[in-house]
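Okay, so subunit A shows up in both of these, paired with subunit B first and subunit C after.
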Partner chain A sequence: MEKSTAKKNKIRLFKPGTSFKIFGVVLAVLSLYWAAINQTQASLNRILSSFPILYRMLVEDFFPPDFSYLPRVVSQLVETFNIALLSTTLAAFLAFPMLFFSSSTVNRNPLSYSGIRLVMTVVRSIPNIIMVVLMVALVGLGPVSGIIALTVYSAAILIKLTSESVETIDKRPIQAIKAMGGNTLQTIAYGVVPQIFPVYLSHILYVLEVNLKASVVLGFVGAGGIGQLIRRQMSLFRYDRLGLIIFVLFLAISTIDYISQTLRSKLV
Partner chain B sequence: MIEFNGVSVTYPTGVKALKNIDLAINKGEFVVVVGMSGAGKSTLMKCINRMVEPTVGSLKVNGKEVTQLKESQLRKLRTRIGIIFQDYNLIKRMSVLRNVMVGRLGHTPTLSSLIGRFPQSDLELAMNNLKRVGIDEKAYTRADYLSGGQQQRVSIARVLTQQPQIILADEPVASLDPPTSHQVMRDLKRVSKEDGLTTLVNLHFIDLAMEYADRIIGMREGEIVFDGPIGEVTEETFEEIYGRPIRAEEIIGGQ
Partner chain C sequence: MSKDKKIRLGKLKTKKQKAITGLVLTSLILLYSFSLWSQDFAVASSQSSPGTILRRLFIVPLTDPSYRSVFAERSLLMLETVAIAYAGGVAASLLALPLAVLAARNSGGRLSYLGKVILNAIRSIPELLFGVFFVAAVGPGAFAGVLAISVNSIGMIGKLYAESIESIDKAPIQAIKASGGNWIQAFWYGVLPQILPQFLSISLFRFEIDVRASTILGLVGAGGIGVPLILSQQQRNWEDVGVILIIVIVFVMVIDKLSGFIRSKLV
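Showing the complex of A and B:
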């Protein structure tokens, strides 16, 4: 008698039916994989058979790199870096005041708040390649179109990343400043800015990293810099020069990522 | 001079926090408000600088009706009312001195304050107030590197730098240990007497109240159930205010 009640009230670690749910989710994910493989006609065989081609390209075409081309590569790399630096700087100044409009902690006006949020969502939903193509059509080929496109895009990202930090700041100092007769601007300058400034600087550095990589890609569609060089050398089949470009890019991007990450870990 | 005339506060939730309060507090008094949590002590205090809006009634500070003030007039009033919070409400990442200068914002033109250009006399005032509470050597330390008692003293210096006429202190020692609580209360009483300020302090420790108050106001369920000078107050008074015997947790000890 005692034994049977003990069996009836057996305690399970998980809610009954959990294993069914897990099974269902695994099945759904697997069938998505199956559909993806079918659609793209991917097969292990095709990947494996590409290795000799890849090897030939790396060893025979890229080597030896054409080091006489280095000065040109470096000058274009500097242009790419300048595009990223300029657009990040402009975006940082553009985004800063908008931060406070797009955060409900500071902006109590629901109309301007949701208005700015909507504009930001629209801007972020445009891929930056499309933005560059539009800008190239407007201002012509070259770095200016890249700078404009990246500025707009990275301002939107900066606002998105940082306004979330503005929402989660400690509101008690703000209450104190208001209680002592500070006006709105003083409340922002003394209550909000000191709390978000390190986070904002860290986000600016992160956006600089992203912009550097993005401006390489954007060069492909005519925004100047090293991307434009890659595209030209590819269409000329100068893989020896391409090898050099890729090597220099790798060095430059890893160096800047390292510097930026070191600085960021000190900030927050 | 603070005058409450028939002031009631009903919160949107329907809670009646204050019920028809009549009260006059004279210039230079050091008043301690006691009562259980939820008795309306904090609401009573927050009405004075209108962090809480009275639902009905009239409230005058230095003869001026507070409930009718417009936004800019309210800011002007608030520059003369210092407030001390339970959690200090300092800006953690800013230096002690800059935190103290926050008390000067209401007296400084907006543009100058934004770029951090304060008159030298204001900086001297702030430094002197830090000296009065004994932490001037921490002026350039980040506020969150200080202990709780030191942070509360920074907030006393901040309030003094407002050059206020009134200080409101809402449970100023609730987050501190007994010896530190006594130190902070002593500092608060000393500076407010030195400057002749009207001070209202909410406390729930009855021995602290007995030791530092000139006058005690007892509250229960939104009403004032006791009001008298410290000489008239005995342990029985507190039992009347609380409506039950005193418990051990209402005595801080120390000292």
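Showing the complex of A and C:
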């Protein structure tokens, strides 16, 4: 009798059944992990014990880097940057008009609105390498395919990111312009664009960072840029050159990330 | 007269603003002219027409019954890609914990800056470079992929974990301490219920990204579906490439939907 009242008086800190749920989640996570490491032979132990190998790799194989290879690396790095810059620019122009179709504040037609959103979601969910392979197949070898693939991909990211800001803009200027008899174009130009322009610029810079990282992969499938050097030196086991490429690429990407992040913090 | 009455919708610019605008425009023009001048736009187009290639990519594999077995075979490799992403994601979620605690302002204190710098540096390296590095170090195969994913994901997971640690509500912790709880109890009942669902959600979100990343990692020999993808692409075996593209797209979408559903239940 006493026991049962004590039990009733106990304050529950968690909802009933929580421990079951937690147990279920932990069990699911662990059993999936067990399956995954069986498939990949990558237990946490093996991961931890490979750190000495990595250290030796860094110290003995990558150093000293082959600096005579630098001009070649830089010229391919410029191409990688060009691909990222041009595809970001094209995407920025492409995405801008689409923005207004994909936000419910401007586009009142539910069919075209959800249609565009669906296409964007599908494009974004495809890994960008798939798009690149597709473009190389359809257009041909060379940086142009890389530019097209990244343009499509980054336009989808831009629309997704910015249309969210379009949804949350101040609606009063729009109402004021409409009340004064402004048409849709005037509403967009004077009511929407001034509000989202800084945000849009900041997203463009972010996409440039993303594209720069993504364009490293292009060379592996013949779409230009530094990837083709990585590929060649990897198959030749020239780790001194590989070390140089990785180092230069890391420097370039961090520099551009830093510049872009500084600009972005000024914009928004 | 009528000119005076015109309403200006834009603001009048000061001298300094004009100078900044001029500087930005000049540097943009320079940047683009350099980029357009230095870029080679040559295309080595394929001998077959895009229409033929599209048909070979998407129509033939779906209609020709002889590709059924290829679908099954490649799906197994895609499962390996998912396994790489999962094993790497779990390892990264654990490895990110100490770094996140270090990087969060409320738990890391003065060292939080150091933690943030480490996480930023990891995030600025593309996953492919990690892939190259680990394949060179431990040899080609799924294990290199797992290593690449687990190190690469630490950057983003750690950053998001740290943000979630920074936003902890201190009231429950103070209440537990005020009623006589020790720090273990304060952590167990005050901190964990706040951060655990968020941590799980962050890790799942990163897992979605990792599935895409580990598809790419195959290109450098780090296991999974990327390995046959690059081989078939080089041989212009478009039917096989088509099978792989379809499998990747379907798997990624299903995983995104599933993970999105679980995440909506979590937070």
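Throughout what follows, the second predicted complex is superposed on the first by the 222 of 268 C-alpha atoms of A that agree within 3 Å, B and C clash if a C-alpha of one lies under 4 Å from a C-alpha of the other, contacts with A are read in each partner's own complex, and residues count from 1 in each chain.
To be clear about the criterion, contacts are C-beta pairs under 8 Å (C-beta built on N, C-alpha and C of every residue); 3 or more make two chains touch, one makes a residue touch a chain.
Because the structure is a prediction, the values reported are computed rather than measured.
Q: Looking at subunit A, does subunit B or subunit C touch a larger number of its residues?
A: Result: the larger residue contact count on subunit A belongs to C.
Q: Is A:Pro198 in contact with subunit B, with subunit C, with both, or with neither (first, second, both, neither)?
A: first
Q: If you stack the two complexes on chain A, which partner ends up touching A:Pro127: first (subunit B), second (subunit C), both, or neither?
A: It touches subunit C, and subunit B stays clear.
Q: If you stack the two complexes on chain A, which partner ends up touching A:Tyr190: first (subunit B), second (subunit C), both, or neither?
A: both
Q: Report for A:Gly182: first if it touches subunit B alone, second if subunit C alone, otherwise both or neither.
A: Only subunit B is touched by A:Gly182; subunit C is not.
Q: With the two complexes superposed on chain A, say which partner A:Met57 touches: subunit B (first), subunit C (second), both, or neither.
A: second
Q: Contact-wise, after the overlay, does A:Arg172 reach subunit B, subunit C, both or neither (first, second, both, neither)?
A: Touch status of A:Arg172: first partner only.
Q: May I ask you to decide whether A:Ser254 touches subunit B, subunit C, both, or neither, giving the answer as first, second, both or neither?
A: second
Q: If I apply the document's touch criterion, which positions on subunit A are contacted by subunit B in one structure and by subunit C in the other?
A: Common to the two interfaces on subunit A: residues 190.
Q: Give the list of subunit B residues in touch with subunit A in this complex.
A: Within the complex, subunit B touches subunit A at residues 49, 51, 75-83, 85, 87, 89-94, 98, 102-103, 105-106, 110, 113-114, 155, 158-159, 162.
Q: Write out the stretch or stretches of subunit A touching subunit B in their complex.
A: So the residues of subunit A in touch with subunit B come to 170, 172-173, 175-183, 185-186, 189-191, 194-195, 197-198.
Q: Hey, which residues of subunit C end up touching subunit A in the complex?
A: 9, 31-32, 35-36, 38-46, 50, 53-54, 57, 79-80, 82-84, 86-88, 90-91, 94, 121, 124-126, 128-129, 132-138, 141-143, 145-147, 150, 189, 193, 200, 211-212, 215-216, 219-221, 223, 226, 229-230, 233, 238, 241, 245, 248-249, 252-253, 256
Q: Within their complex, state which residues of subunit A touch subunit C.
A: 13-14, 25, 29, 32-33, 35-37, 39-42, 44, 46-47, 50, 53-54, 57, 61, 78-79, 81-83, 85-86, 89, 122, 125-130, 133-134, 136-145, 190, 213-214, 216-217, 220-222, 227, 230-231, 234, 239, 242, 246, 249-250, 253-254, 257
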